[in-house]
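Here the chain labels run A, B, C and D in written order, and each chain numbers its own residues starting at 1.
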Amino acid sequence: MYSFICDYSEGAHPSVMKALSDVSYEQNAGYNYDKHCAHAADMVRDLIKRPDADVYFMPGGTPTNLISIAGSLKSFEAVIAPSTGHIEIHETGAIEATGHKIISVDDCPDGKLTADIIRRVVGGFEDEHTVVRKMVFLTNPTESGSIYYKSELEEIRRVCDENDMYLYVDGARLGCAITAEGNDVTMEDLGKLCDIFYIGGTKNGALMAEALIVLNEKIKPDFRFHIKQRGALTAKGFALGAQFEALLTDDLYFNLARHSNACAQKLAKGIAALGYEFDVISCTNQIFPILPKPMIEELLKSYEFYVWAPKSDTHSVIRLVCSWATPEEKVDEFLKDFELLHQKYGK
Amino acid sequence: MYSFICDYSEGAHPSVMKALSDVSYEQNAGYNYDKHCAHAADMVRDLIKRPDADVYFMPGGTPTNLISIAGSLKSFEAVIAPSTGHIEIHETGAIEATGHKIISVDDCPDGKLTADIIRRVVGGFEDEHTVVRKMVFLTNPTESGSIYYKSELEEIRRVCDENDMYLYVDGARLGCAITAEGNDVTMEDLGKLCDIFYIGGTKNGALMAEALIVLNEKIKPDFRFHIKQRGALTAKGFALGAQFEALLTDDLYFNLARHSNACAQKLAKGIAALGYEFDVISCTNQIFPILPKPMIEELLKSYEFYVWAPKSDTHSVIRLVCSWATPEEKVDEFLKDFELLHQKYGK
Amino acid sequence: MYSFICDYSEGAHPSVMKALSDVSYEQNAGYNYDKHCAHAADMVRDLIKRPDADVYFMPGGTPTNLISIAGSLKSFEAVIAPSTGHIEIHETGAIEATGHKIISVDDCPDGKLTADIIRRVVGGFEDEHTVVRKMVFLTNPTESGSIYYKSELEEIRRVCDENDMYLYVDGARLGCAITAEGNDVTMEDLGKLCDIFYIGGTKNGALMAEALIVLNEKIKPDFRFHIKQRGALTAKGFALGAQFEALLTDDLYFNLARHSNACAQKLAKGIAALGYEFDVISCTNQIFPILPKPMIEELLKSYEFYVWAPKSDTHSVIRLVCSWATPEEKVDEFLKDFELLHQKYGK
Amino acid sequence: MYSFICDYSEGAHPSVMKALSDVSYEQNAGYNYDKHCAHAADMVRDLIKRPDADVYFMPGGTPTNLISIAGSLKSFEAVIAPSTGHIEIHETGAIEATGHKIISVDDCPDGKLTADIIRRVVGGFEDEHTVVRKMVFLTNPTESGSIYYKSELEEIRRVCDENDMYLYVDGARLGCAITAEGNDVTMEDLGKLCDIFYIGGTKNGALMAEALIVLNEKIKPDFRFHIKQRGALTAKGFALGAQFEALLTDDLYFNLARHSNACAQKLAKGIAALGYEFDVISCTNQIFPILPKPMIEELLKSYEFYVWAPKSDTHSVIRLVCSWATPEEKVDEFLKDFELLHQKYGK
C-alpha cells in the first residue's frame, strides 16, 4: 500500500544522508557551536539577505514553535493564530504549557489570517485584565495548502508595526510555499517581513532539522537559554547544521519542494479533470478533493491517506500529501486507479 | 587537535548510519507508530526482561529528563536529586520550567545519592505547605563517572517503596555503567528496580536517540500526551527506532560502551602510573586527573578537554572523556605526550 | 457622582463586618483549619445538600478560577468556555499561565454555553496531538446577566457524563442567578449537577471571600496543595469562614442578591418603559440598555458606568450594575434624571 | 488554652477594623485604583523616602512572593535563597510553579544569607546550560527570628550590583525587624537598598494585606499584569489600602511590632533566667528555647505552640510566637507556669 498520508513518511534525501555520514568520525563542538552550523547559518543568512540574522538549528517543529513563542513573549503576552493553526489544534496545548495564551481566530479564508482579521482582534479592549496581543502566528503554506501572497504579508507586517507586534511564520513546509505556482514571496521578502520564522527541513528532505531565524533585536539576546530550557539545544547540533548544508547546496531544498508540489498538483489536475471539486484550493503539496464515500472506501484498500472531514451525507474530504520522495509513477498509478473507480462510483 | 571534551563530538556509528539510510525511501507511519519503533521497543523489553514496559524513542537527553519528571508528577510533587545532578545544574531550569521543584541534596559521596540521604530528606515535615517528595532522580554513571552498585540501588528502591516514591534513572551513559569494571547491575536489574529510566543512545553510537522506558502503571497512561506537549514526539520517530534497532543488534550498544570505558581507563592507568591522583575514582569513560597548571597549559596546546575545577594554587582537575569513536592510537599518543610533559613539569 | 460601575465598589455588609470584628481578638488556627471555616463549610453543605462536599474559602475570584481549573486537570487537559467567559478575556491569561488551554467557543446565545455547542466541540478529533477536553466552564449568571435554566444545566451535565468531563460553575454572582425572576435552579441542584463550583461572596456582601465546593472524588484528594501552591491558602482563613457564617445566616446572602436584582430590574423597567431597547435581556443585577450617544454623554456627568460597546453610529450599549449596597433612592434618582434626558435627547 | 503558635491567629487591630467599616458603604474604584490605595501608597513612599516607588497592596504573603519573583525574572533566571527560606520550604513549590528555579543555599548562619555565600554561588560557571542567577531573596527577620544589620544588607547590595542581580526582601514580619533591639536598619535604608520588597501587614495588625514596593525601573513596567495573571489583583483593593492607611497612621504598625517583640523577649528573658538555652538567638517576636521533653509535654497541656525540632534524646526545640494581640498577662501566666514546671522537671 502506497501512502499519501504525510510528507514525513520517508527518511532523508541521499545528499543529506551523505552529509550525516561525513560527520560520523569527524569531531565537532557540541550544541550548535560547530563549523557545520556556522556554515549553514551563513547559507541561511545569504538566502534571506540578512547578514544580521541569528540562526539556530532545531530538531523538530513543535519545539521550534513553542520556543519561538515562549522565547519572544513575556508571560502575559499572547499570540494570535487562525483556529486551524497547527499550534492551536495539533500540539496538545504545547504553547499554553509554556504559560502563553493563543488567541484563536475563526473564519480565516483558506486558513489564512488577514490584516483585517488581526486589526479586529487588536482593536478590542486591552489593559491589565487582558492579555497583551504581541505576536501574529501564521503558517506558510497553511494547513490547507494555501499560500500567502506578498501583498498580504506586507499588510500583516503593517498591522504588526502599528501595534508593536511580532510576526512569526511557521515554515514547516516553507519550500512548498516558495516554489508553488503563483507564489510571489521570496526568501528575501521573509527576511524583511518577519521578526522570527523557520525553514522546515524535516518535511522536505532532512532527517530531522529546522532552521530557526531570529531577526528582531528584542528577541535575540537570550535565545540560547530558551532553546536549552525547553529541551531543544541538541548536543550533536552539528548533525542538524550538516543537514542544512546539504539542503541549501545547489538549490536542493527548493528542488525537493518543487517535486512535492508537482506530484500533488498532478494528482489534483487529474482528479479535477474528472469533475471532482476540492474543499480548498491548494497550490502546494497537499490537496483536499471531495469524493463519494464508497469511492473513498475503495481507494483506502490500495492507498493510505487521511479522510479529512465529512462534507455531506454522501461525500467526504480526503487529504493527499506528496513528498520529496514520492515517485512520479505512484502518482500515475493512483490516477489510473482513480479513474477506474470514478467509472464505477460516479462522482 | 584531538578532543577529549565529551562523548558527543562524533556522529553515528556506521551500523546506525546504515539503519538510517535503509529508511530513506521506505514509508513509515509517523510519531513512533512504525515497525522500527515497535521492533526496537521489543528489543528493549527483551533486554530488561519486562514484556510489559512502555518504550518511547526520544530525540535527546534534556527533553527525556523533563518529560519523565513532568509526566510522572503532579504539579506539587518534587524530585530529589544530587546537587551535582544534570537536571539541577546543567539544564537551565528545564525541570522548574515545567513547574516542578528539584530538592537538591549536597554532600553526595562520589556524586551518588544514598538511601540514607534520601531517608533524611523524606524524613522532614511534609504537608500542604511543602512539596511532596515523590521521585528520586539519579544518573548512572554519575556526572563524575562513578557507578551505582546493585545493593545501593536495591536500598534506594526500598526507601522509594517505603515512601511511595518513584525511582527515575537518567541513563545518558548507561552503557558505560553496565560495562564498567566492577559493575554488578544488569539491564534486567534496572527493569526490576526503576519506575522509569532511559537508555542513552546519543552518547553511545547513535546520531540522536534515547530509549525511554516506563514501567510503573501509574505513569504509563498519558505518556504520549506529555511527550507531544513538551515537543519531543518526533514526526520521523522511525528514525529513532531504527537507530536503536542497530544499537541493540549483536550487542553493539554495549561493545561501544566497553570501548569508551577501555580507552578512558587506559588513559587513567597511564596517568596514575606516573603518580598522579584523581579527583574522583571513575570506572567509566570520563576521568578526572589532578595535574599541575603549567602541564595543563601545555596539554591544551595539543588536546581539547575541560579544565574542570581548581584544586589548589598549583593544581587543577581536568576531565578527559573517551567515546565509542575514540581511536586507540589517540589514547596512546596522548599518553606519550603526557609522559614527556611529566618529565618536564614534574607532578 | 453615584456609581453603577460594578458590584464590588462597596466594602462589606454590617453583619459581615460584625463577624470580622468578633474574631479580632479570638485565637484561631491558621489556613482554614478553624471553627469558623468548619462551621461555614457545614452551612454550605447543608445549603447544597451534599454532606460529602469539600469546601474551601478563597480570597477572590481569579485565584478560585485558576485553582479550580489547574487543580482538576492534568497538564494536557483543557477547559471549554464561551468566548465571552471571564477566564477567556478578563483574567490576563491566568488559566494559560498554569499551563492549560481554554477552548474558546464563539456564538454562545446570551453568553451561554449549550449542550449542543459542547457536543460539537467534543465531537472533533482527539488524540495525543490534541488537548483532551476535560472540563466545561460556565458562569451563572453569565457576563451578560443571563441565567442558566435547570433543563439547560441538566443537559450540559449529560454531555459531561457522556464524555467524562467535569462541570465547573463560576458563581461569582451566584446569588443573583438563584434569586432572579424566572430562575428554576436551586443550590441543591448545583450540588447535584456540578463537579466543582463556587459561591461568590465578594460581589454580594462579603469584604472578600468565595466558597469553593469540590464534589467530584477525583478532584478532592490534593486540593489543599493546589490552593497553597497557587498562593491562595489564606493564613487568616478564619476571616473568610467568618464572612460566610454571616452571609449564610438568616438567608442574608440571598436577600442581598435579591436586593441587587431588584434595583437593577427597577432600572431596566424604567428605561424600557420609555421605549429603549437592551443589548441582552438580563434578569439579574447588571443590565445593558442601548442609548443615544449624546444622552450617554450627559448621564456620565452625573453617574459612573461602563460604556460597554458601540451599537451603531448613533447608539451605544452601556452597563449598569447594582449591588447589595445600592440605595433604592439612587435608583429612583437615576430614573428621574434619565426621564429628563429622554425628553431632551429622544431615544 | 492560650496559643503561641503564630502571629496570624487573631483578626485585625481595632483601628484597622474601623478603617474597613468606614469603607462599607463608600463607593470606591476597583483593583487598587482608589483613593485609599493612593493615599496608603503615598504614606509608604514617605516612609521609605522614595517618591518614585510603585506600591501595590496584596492579599497575602505567598502571592506576594511568587509575583515578586515571577514578575521580575525572565523564565531562565533564578533566585538565590537560604535553604531555610520560606519560599524554599513552606510554599509548596509556588515559585517553581511559575517556572523559576530557587538556588537553595545551606549553612546560612542564623538563617541569614551573607555576601560571601552569595559571592560563592554567583562565582560558579554560568552559560546557557545553567540558570542565570538574577535575584537574591531574603527574609527580614528570618524564619529563625534573627535580623539583618545595615552593614550586612549593604554588602549584599554590593554583590547584587557587581553581578547585576536584584535584591528582594520578604518583609512578612518587617515591623518586628525594624523595632527589634539592636536593629540599625531603617525603612529608608530598605528603600535605598532593595529592588523590590514588601511590608507585611497580615502578621502585624492587618486582617490581610501586604504592601509591595517596586523600586527598580526594570521591574516596574508590567507589574499590574503579573499581579492580575497570578490571581492577586484584588477587586476590593481599597479594603487593602484602607488597612495600610490605618497601620501607617500614628506609627501603629511599628507600635504593634514593638509589642510583639516585647512580649516574646519577656518570655525569652524569663526562660533564660532559669538557665535554659536557645536554638537560635532571636531579638524579634519568635523565640526558640530548648526544653526537656517531659516539660514540653506538660506545657502542651496548657499552651499551643510548635515543637520545632528534636535537639537530643532528652530535649527538643520549641517555637513560641507573640503577636500584636498577645496580652501581657498571658506572657506572665506562661512564665509562672513555666517556673513551676521548671522546679518539677529541672532543665
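Things to note:
Throughout what follows, a residue touches a chain if its C-beta (ideal position, glycine included) is under 8 Å from a C-beta of that chain, and two chains touch if they have at least 3 such contacts.
Everything numeric here is computed off the predicted structure, so don't read it as measured data.
Chain pair with the larger contact count among A-B and B-C is A-B, by C-beta pairs in contact. Greatest centre-to-centre distance from subunit A is found for D, with centres as Cα means. With each centre defined as the average position of its C-alpha atoms, the distance from subunit A to subunit C rounds to 42 Å. Taking each chain's centre as the average of its CA atoms, subunit B and subunit C sit 52 Å apart. Taking the mean of the C-alpha atoms as each chain's centre, subunit A and subunit B sit 34 Å apart.
In subunit A, 75-76, 91-93, 97-99, 128-129, 225, 228-229, 233 are the positions where the chain touches two or more neighbouring chains simultaneously. Interface residues of subunit D facing subunit C in the complex, by the touch rule stated above, are 2-3, 5-6, 8-14, 17, 20-21, 23-30, 59-63, 65-67, 91-94, 97-98, 202-203, 207-208, 225, 228-236, 238-239, 325.
Within the complex formed with subunit D, the subunit A residues making contact are 31, 70, 74-76, 99, 128-129, 132, 222, 224-229, 233.
For subunit B in complex with subunit D, the touching residues are 75-76, 78, 89-93, 96-102, 104, 106, 128-131.
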